[in-house]
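These notes are about the structure you will find just below.
We call the chains A, B and C, going by the order they appear; numbering starts again at 1 in every chain.
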């Protein structure tokens, strides 16, 4: 009986984790937009606007092109589901959850790759120049970001001795790690990668719809109604996912790692949400300070992330091995 | 040696290396000069920390020289040159940013490989500093050969010198006389360079050193 | 017993080949040959599978043919059994596919007799247990596959492809021959058992590894020896392309593993570095080449080069770890490599079948002239999509698992004592990550332009779905992709005997793990559970769909394309494969291939058409084979003079050669 209860408790904890990332995601996006608007001396939409948007979109008729195939219709759900699964597997408020071992950091990154793959296909489905342009550029950005991401994983795995996010968070929330210039570099690289992957300025501008420089928005240009709602939601969840990843890898302090009481979890959840909103407010600060880049400056931008990751690995080798 | 001593030294020396990369990464001259100033400040902090760890007070002098001369005076002078010559934006690269960065990373790996087996050089920290210093020197050289602009070449040269001082401060007991003379030679080099830059500018109306090649008749066209 | 069955099956293959050649004069034996091949391959597959799963003992037999006195040795161990599975799985599904596809062949007799012979030869290579039998079957494999490559001999490009293939194959066999010469056991014995037992000097084994890398690498497609592969593989009929690309390259991998891991024993860890570096470069260049292609089959062939690179990265890691006695990591890397061998044979065959189906339906291989096939060939599209996702290393499919294992092995590299390796392996890891991302881009391009969008030509608009045999073959393979991706533990456990035999360590037993998770070392370090991920994906997808259907409107309207309010009807306005690859071409290609975009814009008033093209300089041809061919041509021209000498000069030459040899012999003593 106690065992079943314990199992259900763990399952509930996992469930909370799973649903919090989805439910909070529009709010996080709302905070980002609000802060950005304030920085630009605008009032900005209400914090809860993203929820209203999604609700509205869900009740709009979905318009499909005549030659849209099933891929076009399935992709939004698939992208959302995969992003959601990836986000649910990152420890947010507690480490060592029931299914936390079912995917490590590499697998989570690869899951995002699955989502990106299907979205890029959906962009090509109708057969417009915009869709192809978005897909093609999205895949280019991904191919530039991936090596940098691997080096980040390598750095973190070298410090922590594991790629299991739960274990990394548990280890890093203790002070045993010490001063690590490598981790700082990895964080730097991670921010670059996160910006590129989430289609934020200076790589992509989430606010434009009609420029040839846009990437993500061009890819999903044909979508409408509930399909568009799913894609928007997936983008929001992905942003939360990257924030959670940064929190989990670089500032896991306050995460519930040992004690399994409800109070500990509640406190950890509060800390997590606070960190999430701080990051959500910091993102537009960086964005307003930068200008959108030319497409063929991306390699330099992400090359910087790659160099930072490689340096992190080298520095770590030196400090470990000498 | 305590772990804090090591970690902080690692942080500072690693920071210098990172700044060396930033020097390569920047594409505006004013930014390059600022990064160079930051590197000098990191150097002086690193030397100062060494003076505490090694209990070698004369290193403090080195640190102060580095801070004042290279952290403030030289960048200030360079900014003046840039302003006077009105060359705000040009960092002309011979090879593109990506390949330069990759070469730089390979150079760092090479430096580590070279220093790693040298067991005689002393403790872990010394060898680590030596590896970083060698990497910084190589990156400085790389910067000098991949940039056309005379000002960026000067900065490449100076960052080589930063690397030298980092190496020297790690290897316990470099006499102060050497320090001072190095510092002076660098200053004199700066002056020479400065005169040189102005002369190039006067004669060729650019600070692109490839103009000199043209003058020597080595390159007909670009 | 299994070995005897296997040899009998191979004999049966040969019998089918002879029968086909004999019968073919009178009536079309297509169905007979492929049905027989299917049956024999299936028997072989089941035999090998049973042997591997049951952990059967190593069997060997000596046949009374071959060289006099020596005879021919054959052996079936875990490694051979695994490669038998790969070969005969490929052979069985290819035969099944060909039952439908082969009917479209114009001149069936140019393929039919060679097809079973090719299968037989590949099986024989992995069973051979002495250098003579090995080389003989190796060469037989090369020749029979060459005959298949040249089956469509009326196209000049195919003739050239076959010629280059033949050159490379001869060159490769020569290298292997020399390698065996160096490794010959005591008193010149060429049986593998005595080679294995012999002591090899460091330089002999080093040289042998280089030679094997050349010999086996040229068959497998390592850069810069890959040049024949993208020419020859697409030239063959599609079911044979699948065998060439999916299976025969694996025989090259087998040769490398057999000789380097098994026969040579324990080379220095630095050879691991060499193999790793070559593997990394091969993976990266392979996928970059593939991105530049717009011929579907050639794109797939270049992807084979990439995947071979990934396999060799795993093998190089395994070599380095084994030489340093880090057996758990060696087992991990080696398992990753073997798993990828299996995976690649599955999805590459699947993709070639898909390309063959497209070819049957549209008579087009050029993706610039396809599009919208998902509406016309929905089943093929599904199978091809699964193959694309698997080869792009996307979870929860199988390609991801093997790359994940390789990444895990890379993450274990800091334990290596050699600093050169330590610093190189992260770079190789970055190359691997880059290749995986580029592969995804490449297959978005392949699937997106072939199956999605609007048809670009009438041929694509009027395509019809292919026959049931072809579809069955594709869906079997697609099912395997999903199966091996969701339950990778079963495959890993299946590989364990081969891994234990060659690297001395094994991964933890996966079937003992809770929830069927795969755990490379221990759970606290890393773990991945394809099943749970799959279940999660399905359940969260279902949940989302249900929620949407519950709360959102289901109103849907079909309409014209919006395209930002400015739709253009012409299908030519879609992104083409070339335009899809343009950003990546510009980022990576300008450095590696010196890609130039050439714009020819007529002056105003001029009525000729404008032209926009891309010029790609292949560094391998430009700097490798080009000068080499010119050098050989130069030499040949100058040696040509020898043909017009007097008898006296000829005798002088012979005399000088004789004296020279005698002097050498005297000096040798």
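Just so we're on the same page, a contact is a pair of C-beta atoms (placed from the backbone, for glycine too) under 8 Å apart; a residue touches a chain by one contact, two chains touch by 3 or more.
Nothing here was measured: the structure is a model prediction, and the numbers come from that model.
The innermost chain, defined by the distance from its C-alpha mean to the mean of all protein C-alpha atoms, is C.
Chain centres here are means of the Cα atoms, and by that rule the chain farthest away from subunit C is B.
Between the Cα centres of subunit B and subunit C there is a gap of 48 Å. Averaged C-alpha coordinates give centres for subunit A and subunit B that are 38 Å from one another. Shared contact sites, meaning residues of subunit C that touch two or more other chains, fall at 419, 423, 427.
Across the assembly, subunit B contributes residues 98, 109, 112, 116 that each touch 2 or more other chains. Under the contact definition stated at the top, the residues of subunit A that touch 2 or more other chains are 299, 306, 310, 314, 317, 321. Interface residues of subunit C, counted against subunit A in their complex, comprise 371-372, 374-375, 385, 389, 392-395, 400, 404, 407-408, 410-411, 414, 419, 422-423, 426-427, 429-434, 436-438, 440-441, 443-445, 447-449, 452-454, 515, 517, 523-529, 532-533, 536-537, 540-541, 544-545, 548, 551-553, 555-564, 567-568, 571, 573-575, 579-584, 586-587. Note for the complex: subunit A touches subunit B at residues 178-182, 185, 299-300, 303-304, 306-308, 310-311, 314-315, 317-319, 321-322. Subunit A meets subunit C in the complex at residues 58-71, 77-78, 80-82, 84-85, 88, 99, 101-104, 106-107, 110-111, 113-114, 116-117, 120-121, 124-133, 135-137, 139-140, 142-147, 149-151, 153-154, 157-158, 161-164, 167, 209-210, 221-222, 225-226, 229-230, 295-296, 298-299, 306, 310, 313-314, 317, 320-321.
Taken in their complex, subunit B has these residues touching subunit A: 3-4, 6-8, 10-11, 14-15, 17-18, 21, 25, 97-98, 101, 104-105, 108-109, 112, 116, 124, 127-128, 131-132. Here subunit C touches subunit B in the complex through residues 419-420, 423-424, 427, 591, going by the rule given at the top.
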